[in-house]
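In the two assemblies presented below, subunit A is common to both, partnered first by subunit B and then by subunit C.
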Partner chain A sequence: MNVTTNTRAQRMTFWEKLYLPEIAKGLALTFKTMFKPKLTRQYPEERWEPLGSYRGRPVLVLEEDGERCVACGLCSRVCPALAIEVQAGETEREKERYPVKFEINMLRCIYCGLCEEVCPEEAIVMSKDYDIVFHSQEEAIFGKDKLLVPIARLQERLEFLRQYK
Partner chain B sequence: MPTITIDGRKIETQPGKTIIEAALENGIAIPHFCWHPALSVAGNCRMCLVRVGSYKKGADGALERDAEGNPVVQWMPKLQIACATPVADGMVVDTVGEKTIAAQNAVMEFLLINHPLDCPICDEAGQCKLQEYAFTHSRGESRFLEEKVHKPKRVAWSDRVMFDGERCILCSRCIRFANEIAKQPVLTFVERNDHVTIELFEGTTFDSPYSMNVIELCPVGALTSADFRFKSRVWEMSFTPSVCPGCARGCNINIGVRDNQILRLEPRPNPHVNQYWMCDAGRLEQYRWVNTGRISGAAVRRSGSLESVSFEDAYRIASNLLSAAKGNAMMILSGSVTNEDGFVARECAAAFGIEHVAFVERNDPTFGDDFLRSSDRNANATGLRALGIPSTTWEELLQRMHERMPAVIYFIGADPFAEQDGSGWEELLRSGGAIIAQLSNHSQLEEIADVVLPAATYAEIEGTFTNCDGWVQYLQPAVETAETLRRINGMAQSRLDEFGAPNDRWTHGERRQCRPHWQLLTGVAGAAGYSIAYRSAAEVFAAIEERVEAFNAMNYEALRQYRGIRLGRGNDPEPVGVVYRSHYMKPQSD
Partner chain C sequence: MSSLVLTLIKGAIALNVALVVAAALVYLERRISAWIQYRIGPNRVGPFGLLQPLADVLKLYTKEDIVPYNASKPFHRIAPIISIAVALSVLCVIAPASYLLLDDGTKLFIAVAPNVNVGLLFYLALSSIGVYGIVLAGWSSNNKYSLLGGLRSSAQMISYELAMGLAAVAAVMVSGSLDMNQIIASQSGGRWNIWFQPLGFLIFLVASFAETNRAPFDLPEAEPELVGGYHTEYSGMKFGLFYLAEYANMFTASAVMTTLYLGGYDMPFLPTLLGLQEGTLPRVLFELAVFVGKVSVLLFLFIWVRWTLPRFRYDQLMNLGWRVLLPLGLANIVITGAIVFFVR
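Right after this comes the complex of A and B.
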C-alpha cells in the first residue's frame, strides 16, 4: 500500500503546532486596529456621497419648462437589458414630442450608462442614487414621477459629461 | 438594343430608358431622392450624378487602347444626372468612381446645410432616405457654422397630412404625386433660393383620397401622418405583408404592429395590383377595428343572457341547432371572408344539408373611383364566386325570410347591423329561428344571437383573398391570438417581441380568444360527427387547388413569390420583375 508520510502536519515544527504565537499575532493586529480611525459608516444616517463620475440609477433631467426628453426612443433601443419603455406624444412646445410614458424597469437595469451616452438631448443621466429599494416587481418599474429630477441636483454629473463624454 | 457599361458590367437595355432605370433593372442602386419610377422626372435633387462617357475611337474607327490594352474612355467634362440621361449604345457609366462619389458627397453636404438636426423628434428617423445617404455619402460632421434657414413647421395640408418646411429637401415628389397620381394639383414651390418651400394654393387643402401616399413617398420626414404622429419608432414595430380588406382592389399593405396592436398600415409595392399606392380610407379605417371592440371567447344564450363557454361547448350547441333544423337553415357569408373560409363553409353546408348558402354584396358607388378604390367593398367577392358561392343582398334576404323563416340562420362574418342600418332586421331575427353568429367585433347581432363564435380578423389569419381583377393574394398573420405565438408560428417579430419576457409590460398587448372562420366551421361540423378535417389554412387551400379549377397549380409559396397569381393562371404566373423600393434601409417585410 502506498501511504504518503510527508503531510503538512508532519512538516510543522513544535511552535507551529502549538498555534499560540499565531494567536498572539492576530490579537496584536486587532488591538492595533482598535485605536485607528473607524471606516464603518452609520448608514443610512451617515451616507457616502459619490463623485460625479458615479453611475447610479438613471434619471430624467427636469428643466424649468418641463422635461428635456423628446421621447426619441434611442435609450430604449440601445438598452442591452431592455429595461426602458417610452411612449411618445405630441405637445405644443417648440420640440413637438414628449414622453407620455417613460418607464425604467429597475429590476432589469444594469447601470451600464449606455442610455446616457446615446441620448441626443442629454435628457437621461446617471444620478448618484445607489440605494434603490422595492418590495414587488410592480414597484420596481419607475415611471416619470420617480425619474424626473430637477436639473439643479444633477449639475455635477452634467459637468462631468461635458468634460469627458 | 443599346448596350451600356455600368461600372464595368455590360448591360443590355431598351432604347428610351434612362441610366437609373437600366441600373435598377439590373440591381445597381444609384443614390437618388427626387426620382420615382411612377412619377415624371424632375431632376432637381442632383443626388444621382454619375460620370458618363464613351469609348474613344481612333481615325480608323478602332477602339483606342491604353498601355495595358484596356479601351480608353472619353468622359464627358461634367457629371450627368442618371435619372434624366437616356441610355445610348456604347455608353459607359461610372457610379462608384472617385469623381462620382465626390459629387454625390457634395450634394449631400448641400442638402444637410439647412436640414435641422431633429432626427430624435422626427417620425421618419430609422426609415429616412436622407439618413441612409448620410451614412454612405457624408463626411459625418457639418462645416456650416451659420444659422440654418427657418421655415414654417407643423403646417396641416389636410387633417391627414402634416408638413414641416425645414425638413423638406425640395425634391418635388409630393408636388408631382399631387399633379400626376392624385390629380389634385394644389401644391407648388414658393419663394426663391434657400427660402424655397412648398405651399398649398390659397384656399385649397390637399385632401385627395390618395393624399397620404406622400408620407411614404417623401424621402425625408417633411410629410408625416397626422394619425400616426409619434405613436411609435419604426424600429419598434414588426412589419407583416398583407392585403387591405377595405375593398375589392386588395391593395398590398404592410401591417405595422407593436405590443400586438396594429399601429399603422402602409402600402407595399405590387406592380400587378396597386403599384406603390393605397387609399387613405383603407389606411385609416382598416386597423382600428382589429385593435378595439373585439369579441374574445365563445358564448351561448342561456335563459336570455349570453354566457361564456368553451369553444367545444359552443360547437356542440351550434351543431345541435343545425342538425335539428334538418336543412331548414340559411348560411349567410360576408364577402370579406377568405377563399378558405368560403370553401369550408360550402363543405359544412353540404354536410348539414343546408341549401341556401350565399354571401352578401356590399356595393358603395360613392366609394369607387377610376383608380384604386372599387365600389365593391367586399374583399373577396370574386373569390367566393369562383368557389361557386352565389351572391345576394340584404334586401333580398329580408324578403326571403319574411316569406319563410328558416329554423337556423348562420352568419359567417356577415352582420346586417354593421354593414347597413339594420332596419327591419331586429324584429325579424327576434321573431323566430335560432341564430349562430361568427363575429369578430361587438355588434347588435351579438345581442340577438344564440351562439356567438369569436372570429379572427384578416390580420390574424393565414389565407387568400381574390381581388376584383382575379388576383389571388396571400395573407399572413400579423397579430397574435390566444392560440398563436409569434416565435412558434413564424410571424414577424420586432426586437421587443424577440427579446422580451412574458412579464415585461410591452408584451401585454391583448391576445384574444378567436379562430379563423374555417376553423370554427370545421369545429361545428366535427361536433355533429361530420369529418371536415383540416388542420391548417394551407391544407384547405390545397383542397381548393385540387377541386376548384380556377385555383389549379397554386400554393401559398407561389402566391407569395409572384405577389399574387390570377385565377386560372396557376400554371403560368406573371412574373413580378424588379420591385422598386424607395427607402432601402426601411424595415422590409418581404
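Right after this comes the complex of A and C.
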C-alpha cells in the first residue's frame, strides 16, 4: 500500500492547526480586497475599443469613388463556412468589374479572416464591430448596404494588415 | 387592546421585518461577494441596485413550478414550508428592545413573546426542527444528489446541535436564566457574556454557521459534488422559500448570538449620557438601533466568512464537530461551572 507520510497536514505548525489565526488572515485579506478598485467594465456605457489586430465583423472598403471590390469571388471561394455570396457586374469605371450583389450570412461567418487574407484588392477587411445583433435569419444576411464602410473608419486595420500580413 | 391582538400585530411586524431583512441580505450577499472578488455586483435595478431582490422574487414567482415525476408530492410541497416556518417562528422569542412604559403604567414589551421562561430552549428546539425541511426535501425529490444533501445536513445539524447546546449551557450558567429578556438584563452595563465566555461564543458561532448551512459548512448544498443538494429538484417560489429560509436563519442565528453573548440591546454608559429614560420611546428606538447594529455586524461576518473560506470536507466537518467542538464545549461547561460555583 502506498502510504504517504509528511503530508501538508502533518507539516502544519501548531498555530496553523488551530485554524483560527489562519482564518483571521484570510478574513483580513478579503476585507482589504473589498476596498480595492474594481475590474468590472460597465458594458453598454463603457465600451471596449479593440486594437487594429481585432477580427470583428467583415466589411467592404468604400473609397471616395465607390467600392474597392472587383467581385473576383476569391473570398466566396475561400470562405470555410460558405457565408459569402458574390455576383459580378460590369461598370464604366477603370476597374470594369463591381459586385452587383455581395452578401455575408452573419449566422455562418466564423470570423476566421480568410476572406480578408485572400483578397487581392484589400477590399474586404475585418472591422472592430463585435456587437452584432439580429432578430431573424433573414436579418442576419448582410447586404452591401450594411457591408460598405468608408475607408476612413478602417485605417487602423489597413495599417495593421500592411505591417503584418 | 387584548393581548392576543397585540401579539398578532407584533408577530406580523416581526414577520415582515424578517422578510425584508432576508431580501436585504440577498442584496448584501451579492454586493459583498462582488467586492471581495474585485467586481461591482448588482447595480442596475433601482438606485445602487437596491431593488434587485424585488426583481429576483418577481422572477421566482413567474417561474414554472416543476415537481419531478416520481417525487413524493405532499412531502415535496411541505418541505420548503417547514423550512421557512421554522426559520420565521424562532423570531418570536427574540427581544430587540426592552419595553415601552404605557400611560396606564403597564409595560409593553417589544418582543413578540416576551419573558418566555424557556426562550433559549425554544430556539434550540425549533432550529433543530429545521432539519426536517431539508431532509424531507432531499428524500421526497427522488434524486440521489438531493438525498445525499439531505442526509449530510441531518448528520451535520445533529453533530453541531450538541456543541451549540453545550456552549449555550455555559452562557446560561453565567446569566442564570433561559429567558431571553432575563439573559439580556443580566448582561446590562457592558457585562456581556462574550467577555466571560469567549470560548463559548466561538463554539456557538461555529455551530451557528453549521446550523444555518452557511459556508464553510454548506455541505448539504455543495455545488461541485451534489449539483444543488437538497434543493436540486425545486424551482420557482418553492426554491425561493428555501433561499429565504437560509437568510432568515442567518438573521435569527445572529439575533440569538447577540442576545446570548453580545448583551442584546445593551450599550453601556451611552443611554444615561444621552439622558434616555427606561421605558420611553427614544430609549426603545435607541435600543433597537443598538440591537440592529450588533446583528448587522454578525450578519456581515456570516457573508464575509462565506466568501473567504473554502468548504470543509465531510470527514473534516465531522472531526471538527465531534472531536474538537464537543470536548471544548464540555470543558467550557466544567470550567464555567466551577468558577460560578466558587466565585458566587
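Quick note on the criterion: the second predicted complex is superposed on the first by the 134 of 165 C-alpha atoms of A that agree within 3 Å, B and C clash if a C-alpha of one lies under 4 Å from a C-alpha of the other, contacts with A are read in each partner's own complex, and residues count from 1 in each chain.
Criterion: a contact is a pair of C-beta atoms (placed from the backbone, for glycine too) under 8 Å apart; a residue touches a chain by one contact, two chains touch by 3 or more.
What you are looking at is a predicted structure, and each value in this text was computed from that prediction instead of being measured.
Student: Please indicate which partner A:Q137 is in contact with in the superposed arrangement: first for subunit B, second for subunit C, both, or neither.
Tutor: It touches subunit B, and subunit C stays clear.
Student: In the overlay, answer first, second, both or neither for which of subunit B and subunit C A:L27 touches.
Tutor: A:L27 sits against subunit C, while subunit B stays out of touch.
Student: With both complexes superposed on chain A, which partner does A:E103 reach: first (subunit B), second (subunit C), both or neither?
Tutor: first
Student: I want to verify the contact counts: of subunit B and subunit C, which reaches more residues of subunit A?
Tutor: B
Student: Contacts for A:A71 in the overlay, against subunit B (first) and subunit C (second): which applies, first, second, both or neither?
Tutor: A:A71: touches subunit B, not subunit C.
Student: A:E90 in the overlay: touching subunit B, subunit C, both, or neither? Say first, second, both or neither.
Tutor: first
Student: Jot down the residues of subunit A that show up as touching in both complexes, subunit B in one and subunit C in the other.
Tutor: The answer is that subunit A has no such residue.
Student: Flag every residue of subunit B that touches subunit A in the complex, lowest number first.
Tutor: These residues of subunit B touch subunit A: 118-121, 125, 153-154, 229-233, 235-236, 495-496, 499-500, 503-506.
Student: Touching subunit A in the complex: which residues of subunit C?
Tutor: Interface residues on the subunit C side: 32, 34-40, 202, 304-305, 307-309.
Student: Which residues, counting only subunit A, touch subunit B once they are in their complex?
Tutor: Touch list, subunit A to subunit B: 70-74, 76-77, 82, 85, 88-90, 95-97, 103, 105, 120-121, 137, 141.
Student: Going by the contact rule at the top, pick out the subunit A residues touching subunit C in the complex.
Tutor: Within the complex, subunit A contacts subunit C at residues 20, 23, 26-27, 29-31, 33-40, 42.
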